[in-house]
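There are two complexes below, and they share chain A, which is joined by chain B in the first and by chain C in the second.
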Partner chain A sequence: MSEKDILSHELVSEHKILTKNESQKILSQLNVKPDRLPKMRDTDPVVEIIGAKVGDIVEITRDSPTAGKTKYYRVVIPE
Partner chain B sequence: MTEQLPGPYEKIDLKKKDKDMLKKRYKQIKYEVGEAVGVIAAQSISEPATQTTLRAYHSEGRTQLVTTKGLPRLIELFDARKIPKTPTMEIYLDKEHNNKEDARKIAAKIKETKLKHILKEDSIDLINLRIELVPDSTLLQNLDITTESIITLIKKSIKHINISCENEVIMIEIAQDKKPDFTISDLQSIRVRARNLFTKGIKGIEQAIVECENNQWIIKTLGSNLKRVLKMPGIDASRITSNNIFEVAKVLGIEAARNAIIKETITTMREQGVDTDVRHLLLVADAMTNDGTIQAIGRYGLAGQKSSVLSRANFEETVKHLTNAASGGEIDPLESVIENIIIGNIAPIGTGMIKLKVKD
Partner chain C sequence: MSKIKEIRFKMISPEIIRKLSVMPVVTSEVYGPDAYPIDGGVMDPKLGIIDPGMRCQTCGGRIGECTGHFGHIEFARPVLNILYLPQIRLILTYTCHKCGALLADKTKLEQGIAPKKLKVMTTCPDCGAKQGKIKLEKPSTFVRDKHPLTPVEIREHFEKISDETANLIGIKGGRPEWFILTLLLVPPVTARPSITLESGDRSEDDLTHKLVDIIRINHRLADNLEIGAPDFIIEDLWELLQYHVTTYFNNEISSIPPARHRSGRSLKTLAQRLKSKDGRFRHNLTGKRVNYCARTVVSPDPNISLNDVGVPELVAKELTVPIKVTKNNINELKAHIKNGPDTHPGANYVTRPDGIRKKVINENKESILEELAPGHIVERHLIDGDITIFNRQPSLHRMSVMAHYAKIMPHKTFRLNLCVCKPYNADFDGDEMNLHVLQTAEARAEAEQLMLVEKNIRSPRFGGPIMGCDQDYISGAYQLTKIGTTFTKQQTAQILINADIIADLKKDTYTGKEIFSFAIPKGINLEYKANTCRKCETCKKKECEHDAYVIIEDGELKKGVIDTNSIAAFKGRIIDTIDMEKGHSQARLFLDQITKIITRTMMKQGFSISLDNLDTDKTTRTNIEKAIDKQLEVIEKQIEDYKKGKIDVSPGRTPEEALEDMIMIELWKITNMTQQIIDKTVDETNSAIIMARTGARGSIQNLAYMSGLVGQETIRGRRIFRGYTGRTLSHFKKGDLSPTSHGFVRSSFQKGIDPIEFFFEVMKGREGIMDSSLKTRVSGYMQRRLVSALQDIKVGEDYHVRDSSGTIIQFVPGEDCVDPAKSDRGYLDKQIMTKH
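This part shows the complex of A and B:
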């Protein structure tokens, strides 16, 4: 199995790096500063595969057992 | 209940009045701003968890794999133990290998095999002063091991010996230069070391059992090594799971670990007949993975990292927290619930959260 296949694992939700504009929009929508968002480390295997950098905001589309699909945001921080 | 609520309501033809009613009801069952969801989650999980111990029954000798269940397993999950008491994996097979024979073969490949597992006989020849190892030829064939590979393995791992092979019998003798000062007990220790040599499989997998559920062959293992098993051919890499949350976080990332915490807690509780709302567990899992690593719920995890001194002192180790805070000159901004209750203020919870702004 190649490294990329972990993205297709059933436990791994869909990850997407947000552009500068999108992150600005999300932050103003949620009315938070990036350091108040949930975090994920830059050594996280998924972060390494999608190529997110420290400071990026990652949009995670989860399968929710109660609400269909939900969006969650994590900011990448150094280990 | 399911008969009264037919599926997602968009799919059915509803009148506007009914739709409005549904929307109204949906808003009513949502939590209000300022609701103490953490406390509700804590109680909704802990109260049924106390019942599980009473209901735990004796299961020794009944199943092939005895795993931690019930309250001990829940404690293990919420305490975020680095290695669970009984690490297990469930390995699914891909379409081409979804049959009994392939499942057996893959299970044999995964299982950690030591040299002693493939020996038919091992003894010490006291007359010629040598160790004789007789491998089981059918086992060798099944596991795809040759006698030569065993010899090279022994040569590599044990020094100062001469090794030879005759009629599938491997003979180990002490090397000439060491011969003058050796005893039978040296020979015995070499034999023990040889028996425990790691020959084949994946380290840490003590048992691998093949089971069939709904036409799907599953290999259940005792011991866990997600990283190595993921790379094996013939398995369905998208469905393999481990019950070691830290391993999942390391191999599949923090989001996968969060999903694994939910899955493990909910199955543990369902097994015991406890029907807790999954939303409480979602909250707990989000809190545990909030900072990008898995944190325990307890004095070394989430509760130990609260910013407020009084809040930490209230939980456990009161004197330690108070003395440390006093010597460090810490300031408590009184922003959370517990410290305001201690002081006697209105706690910022429920209606207490709302502050008034006066317009002059």
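This part shows the complex of A and C:
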């Protein structure tokens, strides 16, 4: 399995790096500071593949049996 | 306020001991003839004070101001610190006794490999000295090549070791020679207070006793050293000193007899103060004590409401509720005070607004009554309707602690409704439960709104009812609602009035279904299969000849029998629907009413099981025997084939395994066929089969064990092979592969099983007991770990789920914002949502 393939695995949800503007919007919408967001390491396989940098906010769209699709936000932190 | 950033535990150095110490403790005498502590003894007032009125001689503080001061003992000869025995052994083995050089591969240690995994050099790489083998002779003597090492020698050796070498071996934050004690820190008197007994005698703390022993022996050792006593005397005393210091640290070392008190009780020394359930950590730091609580045995009460708990009068007179006097309740409270503390709805204390608290006794109640005015607080006895918190341990989920309304009753047990047994996991074989009485209005309101039993009918685990009827309530409901049950008008009235149902009875006779319908609220419509459903190939639904298709229209039970699928915990559709559509209190009322209806009808009809229920008629018996014989013949043939080597073996398996698989399949067929024969032929009115089919208790399998055959006993899912070589018991030939010799039980429990069958049966039983005890242990520990990890996580007002540090765990609880305890099996029913 090549590295890129993990993104197409059924257990890996859709990851998307938010732009500066989108990040600001989400943070104000949620009314939180970035350091209070759930974290993910910059060594995380998905982070490495999508090329997110430390400080980026990643939007994860997950499947939920009860809620359909849900959005989750994680901030990339250094190892 | 400053925050603690980290705590580091290190060895204590002699210098620090000297700095901490305010005095050397030199004499083993404790009190003088005037009962005053002797100067220089272990109770010296310089070490802190425990008697009121005295002042600390070090800091001048009174009791409560001075937390005590450390002293020290100087040893005449050093001794080993028993708690560091493994480390001492490590250093002795891996360093040169001549020069202190490292005796292992330095680069490997630097890579982080544990020294234990490395080879020890036999000659020193630095000075070339030959190294001996280090052995530990229990309890605490190290031997190098049969030469016992004294602590003095060890200490001299350790002093030669460089910091770098020590660090590499894993001794960090201290010098290796500190493992050998030259000084002992004496804890403050306040850490080991003596108790004055009623007789006036003083009883000293175990640590004080131990310290006195140490000082006494140390003194004798010093004296003998001074006069130049012979070596063997010195050695004996030295060893004795080592023993006392060892037991001072830890009195539960397996190779050392514990130091004992005069009474024979072993002393609780330093390690024992901290360790285990009654140690400082689990008992004092994690453990909590509460007031206004009671604990007693629980017993069932079929007439009590689900929301209630029966509280013994004895308990109600002890537990009180503080009530503020107002002009509206003053007469009510005056009646309580008039009753005094010994008559039930009485009162125990009255607090005036100026803070004076008076105990109500029969002698002073008149004067208290006279001055009672709004603003006073009366601590009155617990009365009917007071909100209390009830709990059974182990408290594994939130339904283990629920709020109940108190109901004061005679006798000495807590009484509870049978439907609430399931969430508490309570039975009545001697179980005890705890009751707490709430003391503030806020607590009472919170408990009533969130913790009341009826509000916890729906479990947050699966979004269905966790409370419901079981056992006799189920078979009773079946007996009541099956076709053909009728009651006269009079009987119906009796049943209904007992269940507090007021109804206008117009008919002369009522069917069971009609009586049951009185408890179902109007507006409930349901259609489902009952547990008794025989799973016919095509379900005839309304026309089901077993009356196993339940139809409820507008709260009327039209068709079908009531069983587990209607009123039991987990599966009860009616409870589930009422709770969702009509609210918690209607669901509670439904349970209260049907349980009372069922107990009444069961009292009229009766329901019992006897040995007759296990009898099988002749044809059934011969059918079963035939089936068994047929299968046994098949197995016999398989064994013969195996012996001839004519067996089909799938790749990767041995012929033995293949044979075992085949035999197991045939044996399983026997059990299956027997079960089917019994299920088909058994009489519909058989109590055992009613219980099995309705789901009240037991299964067809159990019935087959009792009247068919027990069948193959298995250990770890396989036939029984353990025992002697080649056979399970000496009654069989070696290599016998027949079912009988490997745990096949041909008899039924009713017929009785022979000794060999019994032996196999007991083997299986033992496996079951082992499994269940192991499972509870493993899952209990798993639960504790999960609880510790999740306990501080909460949902904030902004709906974010955060941990105690404020970091977000989830943006919306459960990512769907559904409270599972208010959901329909995890989902929300949009129809019901819009209705409310």
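To be clear about the criterion, the second predicted complex is superposed on the first by the 79 of 79 C-alpha atoms of A that agree within 3 Å, B and C clash if a C-alpha of one lies under 4 Å from a C-alpha of the other, contacts with A are read in each partner's own complex, and residues count from 1 in each chain.
Heads up, the rule we're going with is that contacts are C-beta pairs under 8 Å (C-beta built on N, C-alpha and C of every residue); 3 or more make two chains touch, one makes a residue touch a chain.
This one's a predicted model, so the numbers in the text were calculated from it and none came from an experiment.
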Which partner does A:Val46 contact after superposing on A: first (chain B), second (chain C), both, neither? first
First, second, both or neither for A:Val32, with chain B first and chain C second: second
Taking the superposition as given, does A:Gly55 touch the first partner, chain B, the second, chain C, both, or neither? neither
Applying the document's definition of touch, where does A:Thr66 land relative to chain B and chain C: first, second, both, or neither? both
If we overlay the two complexes on their shared chain A, which of chain B and chain C does A:Asp5 touch? Say first, second, both or neither. first
So which one touches more of the residues on chain A, chain B or chain C? B
Overlapping contact positions on chain A, where the chain C interface meets the chain B interface: 38-39, 62, 64-66
Chain B contacts chain A in the complex at 230-232, 237-241, 248, 250-256, 259-260, 262-263, 278-279, 282, 286, 289-293
Using the touch rule from the top, collect the residues of chain A that touch chain C in their complex. 30-32, 36-39, 62, 64-67, 70-73
Which part of chain A faces chain B closely enough to touch in the complex? 1, 5-6, 8-13, 15, 38-41, 44-47, 60, 62, 64-66, 74, 77
Per the touch rule above, chain C residues touching chain A in the complex are 798, 800, 802, 806-812, 814-818, 826-827
